[in-house]
Amino acid sequence: MNAAVPQSGSAVPSGALVPDPVLEIRRLGKSFGGLQVTRDISLTLNAGERLGLIGPNGAGKTTLINLITGVLMPDTGTVYLNAVNLNGLSQPQRVKRGLARTFQITQLAPKITTLLQVEMAIHERNGSIGNLWRSVDAYPEVREEAMGILEMLRIESLAQRPPITLAYGEQRLVEIALAIALRPRVLLLDEPMAGVPEPERHIVLNALDRLPPELAILMIEHDMDLIFNFAHRIIVLAEGALLADGAPKQIRNHPAVRIAYLGLGSDPDQPMIAAELDPH
Amino acid sequence: MKITHRWLRNAAISTLALMTSVALMAPDRAQAQVKVGIIAPFSGPFAHYGALFKAGAEAYLASQGGKLAGQSVEMIYRDEGGPNPAKARTTAQELVVNDKVDYIGGVVFSPNAFALAPVITESKTPFVIFNAATSDITTKSDYYLRTSYTLWQVTVPMAQHAAKKGLKKVVTAVMDYAPGVDAENAFKSEFTKQGGQVIESIRMPLATNDFAPFAQRIKASGAQAVYVFLPGGPPNLGFVKAYQENGLRQAGIEFLGTAETDEFDLQKFGDSALGLTTAFHYSAAHDSPANKAFAAAVAKQNKDAVTNYATVGAWDGMYLIHKMIEATGGKRDGDKAMAAAKTQKWDSPRGPVAMDPATRHITQNVYLRVVEKGPGNLLVNKEVQSFGQHGDHGLGK
Amino acid sequence: MTLLANILIDGIAYGMVLFIISVGLSVTLGLMRFVNLAHGAFAMTGGYLASWFIRAQDWPFAFGAVGAVVLTGLLGMAIEALVLRRLYRMPELQQVLFTIGLSFLFVASANLLAGPEVQLIPLPPWLKDPIDLGIRTLPAQRLLVVLTGLLVMMISVLIMKYSRFGIWLRATVDNTQAASALGIPVEWVYALTFGAGAALAGLGGILGAELLPLEPYYPIKYLVLVLVVVAVGGMGSVAGSMLAALVLGTIDTASKYLASDWGSLFYFLVMALLLAWRPQGLLSPGRT
Amino acid sequence: MRIRVAPYLLIGLVGATIYFFFPAQLPLASRIATLAIFVMSLDLIVGHGGLATLGHSALYGTGAYTAGLLALHSSSNPLLGLLAGGAAGATVAALSGLFVLRYQGLTFLMLTIAVGQIIQNLASKFRAWTGGDDGLSGFTTGKILGLATFDLQGRVAFLYCTGVLLICLWMMRRLMGSTFGLACIGIHQNRLRMAALGTEIQPKLLTLYCLSGWFAGIAGALSAQVNQIVGLDTLGFELSAEALVMLVLGGAGSLFGAIAGTALFTTIHHVASNIDPYHWLFVIGAMLVCGVLIPRERWGVLMRARA
């Protein structure tokens, strides 16, 4: 697919040292009716990079995710994945090119066991999902791989349980497992902590630590503790436009961000008070 | 996906149900000498046919003292439902194989009657059709007999009458299904032969609720009369209502019908039906001792039942079965029974009738009738003229 | 020209009959999101009651009709309170099965109580005669249906838009829990709305009886007809139902004038195209 | 392995019991077997794909007419008839699916009704080919596997229908046990999730609809061959609605449930209408109403209490 593209990922980065842009967004714009919800956003995500995306409710975070994943089509601008223009490609086509996501509210097939769902993701990746005749049970290598992913996330004990029997935090992990099974280049995590009760938080945190290092991750989160610890770089969205882009430290000290979003004074020495900030 | 206990339970339940059904249906009836299976709609929108068939057949049996030709007779009724040939065939098969019936009677719908051909041919079971009116059914097996009518049979004399009356331009308006098309063809071919002209042929969809557009089309066509065929029930009421409400009568467009003023629906028309003319083989108002006896016998059997073409079809059908039992002495012998039935001639409540040995269809008088007020202020189909004996004109067309 | 006028007159008159028999369903299915396939059963109940009042009890037409409508509404409320409210949370398929089963029970009961034949509702003299429209005549009964249809639409739109009950209903349908927390008597709102839907169904059964004769199989026979109107019109939009009924009525009438030997092919073709064009219905409120 | 063979054995056992001990019920059992294939095909799209349809008889009827026309004009080979019926059903499914599968819920339901009605109207219009309301008849069915023709007792027909039922069941179970089947169930349960996995939903559903049409067509062809007549009712709304009732009665999503539901519904219909045809609707009506009001789990309790 990307053979025709000159700069695409031949150079395998170790960590985030060598910039290897896998996801590039150029001047993206989208409006609903007369309301401009995304204005001229450009950003780059490198292999192995952990990018945080924050902003108040209504800042256009979800719209941005929808534009990247192909749920919505932009009015202006372009999304590149491995230097391939994604405009006009459907959501499944983008997934096939290496773009995976999780949902703010978990989306799982409620009655299919965890293991089978992961297997399904692997079959989807392999292209064996359309096989009409061969039984699901006749792919030992897929089952093994699926089990391996569950083990990596330490949820192998959930293998035979369907999501309706799982705790919410566990369902998050299943979503992450599905995303990993797709072997994406880019993973979009849409508020992975949303709705996760306090006692289950560490499960998700541990899982995030175990994500493959070469994966590029874009995470939206309201949980400031989490995002400032997790991200290498943070971008701030406000009213549909990019407000700031920089390392966590820079963002914490960015005057405009402190006022507009973090709700703090412009003095960088003043400590952050709240872990979860939401002006609305 | 995984097989659970559910299917086991489901399967067990269904098996159980099957067995129970078998147990329920195990024959524990007193052994009669002759068995007659009647297939008719006892459920669904056409259930009144079943009721009338049953009333007619039971009335005939009772009029003979409960025995036919000295043989005790068991009547077995099976539901036809609606037009569903697959089910009709299964039903006939069960009647022949399980219940071991000697004769089959009934059947309202032509496709169902067609479906029985292989069963009756193979088992040599005489089957008397009480209603189903498509002409060529009787050609599909040698074991068909029919005591009802065909559209050709009653339409041809109607077309001749229209021509004789001096009508030149006529519109046909029929329901768009097989008997309707039969009726349209019959009228067109005979009326044209007589020098008339069918200026428009309207086929009305079976699902029609609103007949006003058709009434307007008839009115606009400039015809002197409209020849109509509709199946019994609600469409009849709808069409006659539209005929009145859209001023066709005032415009002098004559109504030439067949089964529309059937006694089952007649009283519901109210005064709007007065003066409608139809050509048909049976009127409840037919003045003869046989018809009076028939009406009395039916009333004794079921006080709600009317005497109409369905009731008389069943009554005469039972007469044929009676004669076949007589000829075979109650033994099962389809060929001997058919030989006897084919040459029968008798005095039916509708008038003198005879079986045509070639077509095994009934030859009968066709009458011109006009709807009038009769005794008790009830509407009747008054026979004003007899067109004489007619067989089925529809075969070979 | 006359042909066009004829198509329009008959089409609108027929469309109004379609509207009047489906408007009740547009309330129960459209507004309450309850897949009420027993709609025809309530329509039949209204018709049978009216027929009984007017024919057997010799009530005047208007009395009999109003009495039947009110009784049908009460019956609807009773059934809603006793059973149907347990079904709101069930999957649609379960609602389908239950209401079809209910329809079967109504069919069998009607057959048992009144026999298989058509039940007539005798019209008073003022509805019997055709009225001259200038270019042609139209039965007075049909004019009554047209007027009643317009009236029903106006009243329901007014109630939905401006009355407190309308606000309650919309709140309840949107979010029952929140509405309940706000002190809205949601159980009563549901029961009354369903009752209103049943009463409207009964009204349709009575006024539509001239074209859709009352017989035991009524609930099943005309089910598809009314479902089509509501689906094409848009969920919960009474005005949409009217628009759909008029469009479909006109199409059906036009096909009878111009292409009657194709059966109801064009009716369903147009329905499919309309649905494909506007899957949520011609007029669907609260959706952009 | 044991659990895989068990269902076929059970059906075989029931079949053998009917064949040897209740020969009187053979015609009824053949009809159940034919309908069961149809209801199973409906289960593919309703139970597995999650799309409620009321136009499934369009696929069944097309299969039936195709098999009938084939037997009438060219070959009375039953196997060829089944294949032709299946192909016709799949073709109609493919053509209509391209259109109707874009929609969901009530819109999809209404569109399937429309497609069914349109096809039925066409069949009625072209009566020169289809026989219109009189039905398509006059064709015969050749020897089954070159061995036997249908007998009056319905033995051969029963064995034939049961055989086709078992083969169809086996095929459908394989299909639904495949990765494709898994994906369809996934689409049923959560379309968002499947799209996020990269599943192209429409093509999957179209394939499923075609498979469903294939089996529905086979069922129709089987009915045509056994009854040697095809009526317009095979394309009718009533058949679609009844099949849906049978399916949900047995439990949508389970092919065995489909068979059990068909057997239960058809048998009760048969028994009830033989006892008193007038009131059979009371029975089915009460059955549906109670079936919904009393949750499945409680049926077991009730049954045990009675035993």
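Letters A, B, C and D mark the chains in the order given here, with residues in each chain numbered from 1 onward.
One rule holds in what follows: a residue touches a chain if its C-beta (ideal position, glycine included) is under 8 Å from a C-beta of that chain, and two chains touch if they have at least 3 such contacts.
Model, not experiment: these values are computed from the prediction.
Visitor: Which neighbours do chain B and chain C have in common?
Guide: Under the touch definition, chain B and chain C have D as mutual neighbours.
Visitor: Going by average Cα coordinates, which chain is farthest removed from chain D?
Guide: Using the mean of the C-alpha atoms as each chain's centre, the farthest one from chain D is A.
Visitor: Between which chains do we find the greatest number of C-beta pairs in contact?
Guide: The chain pair sharing the largest number of C-beta contacts is B-D.
Visitor: When the mean CA coordinate of each chain is compared with the mean CA coordinate of the whole protein, which chain is closest?
Guide: D
Visitor: Mind checking the centre-to-centre distance between chain B and chain D? Centres are C-alpha means, answer in whole Å.
Guide: The mean C-alpha positions of chain B and chain D differ by 33 Å.
Visitor: Report, in whole Å, the distance between the mean C-alpha point of chain A and the mean C-alpha point of chain D.
Guide: Each chain's C-alpha centroid was found; their separation is 44 Å.
Visitor: Counting only Cα atoms for the centres, state how far chain A is from chain C in Å.
Guide: 50
Visitor: For chain D, what residues touch not just one other chain but two or more?
Guide: If we look for residues of chain D contacting two or more partner chains, we find 124, 177, 181-182, 185, 278, 281.
Visitor: Using the touch definition from the top, which residues of chain C touch two or more other chains?
Guide: 111, 261-264
Visitor: What residues on chain B touch chain C, complex-wise?
Guide: Touch residues, chain B against chain C: 44-45, 47-48, 51, 176, 202-210, 212-214, 216-217, 220, 233-234, 237-238, 241, 245-247, 264-265, 268, 304.
Visitor: Considering only the defined contacts, which chain C positions touch chain D in the complex?
Guide: 35, 83, 86-87, 90, 92-94, 96-98, 100-105, 107-108, 111-112, 224, 227-228, 231-232, 235, 261-265, 268-269, 271-272, 275-276, 279-280
Visitor: Can you tell me which positions in chain D touch chain C when the two form their complex?
Guide: Those in contact with chain C are residues 52, 99, 102-103, 105-107, 110-111, 113-115, 117-118, 121-122, 124-125, 237, 241, 244-245, 248, 252, 278-279, 281-282, 284-289, 291-293.
Visitor: Would you pull the chain C residues touching chain B in the complex into a rising list?
Guide: For this pair, the touching residues of chain C are 2-3, 6-7, 10, 13-14, 17, 111, 115-118, 120, 130, 136-137, 139, 210-213, 215-217, 221, 225, 252-253, 256-257, 260-264.
Visitor: Considering only the defined contacts, which chain D positions touch chain A in the complex?
Guide: For this pair, the touching residues of chain D are 174-175, 177-183, 185-186, 189-190, 192-201, 204, 207, 211.
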